[in-house]
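Common to both upcoming complexes is subunit A, partnered first by subunit B, then by subunit C.
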Partner chain A sequence: MTAATPEITRFGGLHRAPGRRRRNLASLAFLAPAAIWLLVVVVYPCFATIRYSFYDESASRFVGLANYKAVFSTDAILVAFRNNIIWVLVFPFLVTVIGLMLAVLSERIRWGTAFKTIIVMPVVFSATASALVWRTIFDLNPHVGVVNALEQTASDFVRPPGPYPVDANLGQSLAGLASTGVRPDGHGSLVSISTVNAGHTVELGLIGVSPQTLALLGARTARAPTAAPGVIDGLVWRDFSPSHPGARGRVYPDEDGLADLQVSLLRTGGSAVATTTTRPDGQFKFANIGPGSFRVQIDAQNFTSSFGGTFWLGSSSVTPTSGLSQTAQALLSVPLIDIAMIVAYLWMWAGFAMVIIAAGLSSLNREVLEAARIDGASEWQVLKRVTTPMLAPVLAVVFVTMVINVLKVFDIILNMAPGSSQAAASTLAFSMYTHGFEGGIHSGLASAIAVILFASVVPAMAWNLKRIRGQM
Partner chain B sequence: MTGFSLDPELSRARRIRSRMHLSRSALNLGLGAVGVLWLVPTISLAVFSLRPEGLFDVSGWWHVLTAPTQLTLHNYSALFSQGFAAGGLLDSTLTSLVITLPATLLVTALASLAAYSLVFGNWRGRDVAFLVTVGLIVVPLQVALIPVLELYRSFGSLTGYNPFGTFAGVIIFHVGFGLPFGIFLMRNFYTGIPRDLVEAARIEGAREWTLFRRVVVPLGLPAAAALAVFQFIWVWNDLLVALIFLGGNPHQTLTLFLFDQTRSLAADYWIISTGAMVSIVVPLGVFFAFQRHFVRGLLAGAVK
Partner chain C sequence: MSFSVLLRRWERRSVKLAAAVGGVVALSAVIALADSSATKAATKHIGGSVTVWAEWTGPEQQSFEAAITPFETQTGIKVNYAGKPSGTMDSATETAVKGGKPPDVAILPDPGTLRILAADHALTPVGPIIGKESKNYAASWNTLASVKGKQYGVWFKAANKNTIWYNPAEFAAAGITSLPTTWTGLLADATTIKAAGIAPFSLCTDVGWPVADLWQNLYLKSAGPTDYDKLAAHQIPWTSPTVTTAFNLLADLVGTPSDLLGGTSGALSSTYPGCVDKVFPAPGSLPQAAMVIEADFVVNEINSNSSNYTPGLKGTGGATCTADASKTPCYDFFAFPYPSASDSTYASALQGAGDVATLTKSTPQSRAFIKYLASPEGGAIWAHLGGFTSPNKGVPLSAYPDPVTRADAKELVDAKGFVFSLDDLQGSWEPDLWADMLSVVKTPTAANIAAVEQTMQAQATAAGIK
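Right after this comes the complex of A and B.
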């Protein structure tokens, strides 16, 4: 350095002018590859897409605003708008709040770094891989999906399934089960049609019970009950004989009793007097019952269906939309798949929010926080009244970044939603792909969707530019 | 109570401390639960890939907790033994690498050059050029898909080489959409290099290229590393660009491999889970090896 100093005076102004020009040329040459690349692959295509959006499906005929009209009048694309709105309203807020919580809390544990690493890991996974994992987590089959397995365990605990489950989802009904001497009471039980007194018998026939169920319960051949004084003897049997498939109401030798059924004796007023369980041959007995007429009830809990699972990856709506027009449904329903995807996306991105917020947190002025604590503010108050306002700029960055991110949601839909619910899960980015590249290709419509997608990130872009210009 | 507390302040402090102790263990417990919850999806994927295919939908993966002998490397050996047959797992891994590495290197190199020009060049309009670049960061790549396909087609009819369906076609697109963020990140870092340092070298007669290579690049290495890590993970994880621009190519990226598996009628989850594990192991390795750089990239990248 010191040796060079005299050179400045020696060559001074002489070589400066041509040198500077050469330098400027050189530095422009440094810029050129990136600039040309950007112009060709990013900038020109933006304008070309705007142009295509005014042309027909094969980009050959000018059609004015027809594509835009189609966008706003096609229910399938309105669904995409609705989903984009759901994503933007729900996701950035949730992920920012979760990121803030995790950042604040992880500061107070010794293993904070390990914790943060665990939370950040999914950020580097592809949306494809993550979506495929979460697809299994929400799977309907409780042997695959953790969520449904947990739901089933909880449901079986609260409402254990009966020995003869009637599953409405499989088209089964109680009325379909009643064959001889019984009818549904409207409250989930079957009740004998005629009344019975002590010293008499009652035979109740059911159909639609699978042999496998009976085998599992150890049922044996049905035997007709015999009357005894002071006692009501009864039988519940499978009123279907393979040798007499058309005959009902008679107990044939190749018919089984229904084992393990809980039956109750009702007074004519409806109150239960006694309860018992059928034997393997389907017989039951009520003794010491006194005078009067009774009915026999096959209790509702026999038919409690086992938990059918929640089809989280399906398109059924959380909001009630029955009776609405097609367009209103498209705009107002919130399919379960959206919820499942948002949960998966929170898992994928909470780490990002947490890292950014934690960095902001570590640059905060600790004295202010300590002062608030010493003044007696609770941790919650400190978080709400001091930390969060001080972090506002960082939180805004996370929020806006996530708004931009979810406007472009694509991979997760393609890989997490099964084919049957992709239409309900669609977003603008997804809709652009299906209209532009799948099946009936329509470059005009796809371009119009792309332009709208572009327009929707412009506010975020402007916000970014303003912020970064302020830092320059 | 009154008889005991000689010093009410002291007992109050003790009470607060014991309350804090209690809340501390509650905090450890709570965050421990969150951590476990966060690991469940990744662990389940690993278990799926390590269990025999027949068990997939008949017994929950969590049963390995009581039956760890179910675990086997069979799925991996079955897929790896196919070797590098086009469309297989190993071939797809290689394809992902062949696309990701050049795209990463090109973005890092071109963004560094452009950032040098934006920071140390003396031409007018540098700030405007930079702001335009920042604006381009958020452009959804959906906007460019159809026009770039058209460009490729025109280029093909002009020169006989249509980049559509080739690795080059995918890389060109990735570089274009990686550059805005890359330039932004590098430029922000270069502005922190003392200008005097560069000016002094200039006065000593260093050429721009020498200056860039010998002074600016070495000083900017942390930023370049952050950008490279970020870009690597970005391209590695891409599905959409490969889906569009690799159409018809027998070689496919890992994400395409996974996507194709879900589409095939016999969606075999043992293949999907094993492939997904391979696809996440690579970025995970990059992440752990360059954690600090990655986090720096994230912090700078809170715009994309």
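Right after this comes the complex of A and C.
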């Protein structure tokens, strides 16, 4: 922009001296390759795209505004609009604030340059590599994804998992575990169906327990309990025999006892009288109990599930969407994958914001800051009332640049969102790509999306250009 | 393609190279065998050269080149083979044809492009050229390569999607001794496997194509090949009862999250081929699930993930798989079940995919080459090298290296009613179709199935058929 001299911008004007015309011709000759290049790869494709946006999917029939109507009436594309809006509302603001914080803080520490280098590093990483790294960080499996590993550690600390976890997220239920003589009590425990008196035995069968769990707990072959006077003898065993896969209720020789289960003896009223733990062969014993009827309870803590992981890369919404129409859901849901991607993108771009803001910061008039401090302003007040307003032009440039950046956001969706959530994570740029280049080629629709995307970037772009001009 | 897939492929290249070297040693013996066999196709010396394009690169390219070596020696024709990257063959061929510089023979990965090119008169009919070699194929294969009654292609390599792969050790641990033949039987077995504390299914539904393959099997087995082809051609609406039936069968499975490894969200974040590794893990890890539902290319993944596995097949003289997977880890498959004992009409219909050789330029050399591909000779060589099943009935089952591949190939040539993977015939609609299928995995309710069917019908109408 700055290089535009009057001679060049006004070539072909009237009242020109011959020498001047020659100079114009020379300038033209030098400009021509670049101008032709721009015409071929920028101007022509722009107009071709606008033209295609009025044609059908194979660009052969004029369809008027049909593609634009389709853009605004297709739920899948409305999702892309919604995501673009989420990105624009959340990301530029956050990245500017974080960039400002980092810039101010990096001036205060001794190893400021090293710190800045580390923060800036993600800017030079390939966006694809960054997206893949973050896809791993947010992986559902706590053994893979560090975010879920942290969540699991915290959750297991608060609620230690039991030896026989039942995880509702995996579709498991206590009812699915109960096989012989027990049923769920509705409060997370299993309780014997029939009552038992001293001098009798009780056998409780569970299914769905993996042989690996039993091996880990050192379980042994189950043995049926024998009755003894004054004592309740019992057995909890794996009611599944590979040699009799359909048979339930009988203790076969290839069935193991459930070791390490905490069982309680309940009065018929429900209060616990005694508590014990099963032996490796699944047997337990309640001695010294009085007369009366009891029930045996397999306590809830045995079944506490370990934290299974948050599906950060999934499409489930953080805003309630039940009962909404498809279109309303498309417009109002905020999928978890959006949050995960925005976090990753912040990591990728915070360094860039910091560098620009730090450059602005270093050119600030320090005397003003000093004056504020001498007047007794706290550091927070200095940042809020002095530094930030003085940096406003730089912050605005960062903000607007990031608005443009996230309007076009694309690569992170392709590489970070698993296939099953790409539809929920889609943005306009991504939607343009899938419609234009992936299997389903609809050049008209893709072009219409491109035109809309272009139109939405233009105001931000114009503002940025105006600023740059104004600074010169 | 995900990063992990890329990474693993890269790791495997070394393994595959080693295998390829071994293959070349074995090859000379095989070629000698093929030379002496009675199935010789072309013996006349012609000379000159033929340009051939296909999607086989790496080890597959080496196997293909081995398979055509007898052709080169018999005819003196030099084959200039160019392996195109996966997924680019259709567009590369179309572009080359439009640009006026097609290869002599293009081996296409689906019949869609064959139809487009044939309609543009860019292909030479192969019927008169291959003559009686066409009897090597079941009628449905030849029909699939035909446009308006004229055959334009020869199927050389096929994939069998009529398979469910299971870990015999896990089945033994669950006490399952006879393999399920019906969908209801399979789900009952799943309940048994669950009672044994093992997750029945490892789904690969991070993306849509595996669930499309699964659904297409269900549709084929419940509605039959005729309706299947009509649905593929949009002659039956996606709101018809046959479609609902197939979706309900799918919902019987995905609507029981405890049948799926990791529940619904586990299934939706499980990638291919990771889902295979969870059933057939490398040494040191335990299997997490008993079955994986995908086509016969699962075998490639089992073998590249771990070289420990033995193809075991009950009753066909394969290795004996024991309950202790650490001693003899095995893999095996059973045919995709038909809906129920009372609904077994389409039990032997089979969904598959394949590569079809077309004559994009007719020269004496390219005609000889097509005839050679239609003969069983080349297929037998590749079959012996492994990773290959042929739709050609002339390829002897004894050519296959192990009982599992043999049974796989037998299913393929014996199929009554072969259909091509429906999603691959939908052109521009395919990605949306996959998304719709995934929606049913996420929410397998009757209401959502009805809504998805409406959506699919609207999309199918809008997309038309190319």
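Going forward, the second predicted complex is superposed on the first by the 418 of 472 C-alpha atoms of A that agree within 3 Å, B and C clash if a C-alpha of one lies under 4 Å from a C-alpha of the other, contacts with A are read in each partner's own complex, and residues count from 1 in each chain.
Definition applied: a contact is a pair of C-beta atoms (placed from the backbone, for glycine too) under 8 Å apart; a residue touches a chain by one contact, two chains touch by 3 or more.
None of the values given here were measured: they were computed from a predicted structure.
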Quick check on the superposed pair: does A:Lys384 touch subunit B, subunit C, both, or neither? Answer first, second, both or neither. neither
Where does A:Arg61 make contact in the superposed view: on subunit B (first), on subunit C (second), on both, or on neither? neither
When the two structures are overlaid on chain A, which partner does A:Gln172 contact: first (subunit B), second (subunit C), both, or neither? second
Using the superposition on chain A described above, determine whether A:Leu132 touches subunit B (first), subunit C (second), both, or neither. both
With the two complexes superposed on chain A, say which partner A:Arg250 touches: subunit B (first), subunit C (second), both, or neither. neither
Does the superposition put A:Ala35 against subunit B (first), subunit C (second), both, or neither? first
Name the chain, either subunit B or subunit C, that contacts more residues of subunit A. B
Using the superposition on chain A described above, determine whether A:Arg183 touches subunit B (first), subunit C (second), both, or neither. neither
Footprint overlap on subunit A, comparing subunit B with subunit C: 132, 415
Residue ranges of subunit A in contact with subunit C within the complex: 57, 76, 132, 135, 139-140, 167, 169-173, 176, 179, 207-213, 238, 240-246, 311, 313-315, 326, 415, 418-421, 423, 434, 438-442
Given the complex with subunit B, which residues does subunit A contribute to the contact? 1, 4, 7-8, 20, 23-24, 26-28, 30-31, 33-35, 37-38, 40-46, 48-49, 52, 59, 102, 105-106, 108-109, 114-115, 117-130, 132-134, 136-137, 141-144, 146, 149, 347, 352, 355-356, 359, 397-398, 401, 404-405, 407-408, 410-411, 414-415, 429, 432-433, 436-437, 443, 446-447, 449-451, 453-454, 457, 460-461, 464-465, 468-469, 472
Under the stated contact criterion, what part of subunit C meets subunit A in this complex? 2-3, 172-176, 192, 194-198, 205-208, 256-260, 262-266, 268-269, 271, 286, 323, 427-432, 435, 438, 442, 451, 463
Which residues of subunit B touch subunit A in their complex? 24, 27-28, 30-31, 34-35, 38-42, 44-45, 48, 56-62, 110-111, 113-114, 116-118, 120-123, 127, 129-131, 133-148, 150-151, 172-173, 175-177, 179-180, 183, 200, 202-205, 207-209, 212, 233, 236-240, 243-244, 254-255, 258-259, 262, 269, 272-273, 276, 279-280, 283-284, 286-287, 291, 294-295, 298-299, 302-304
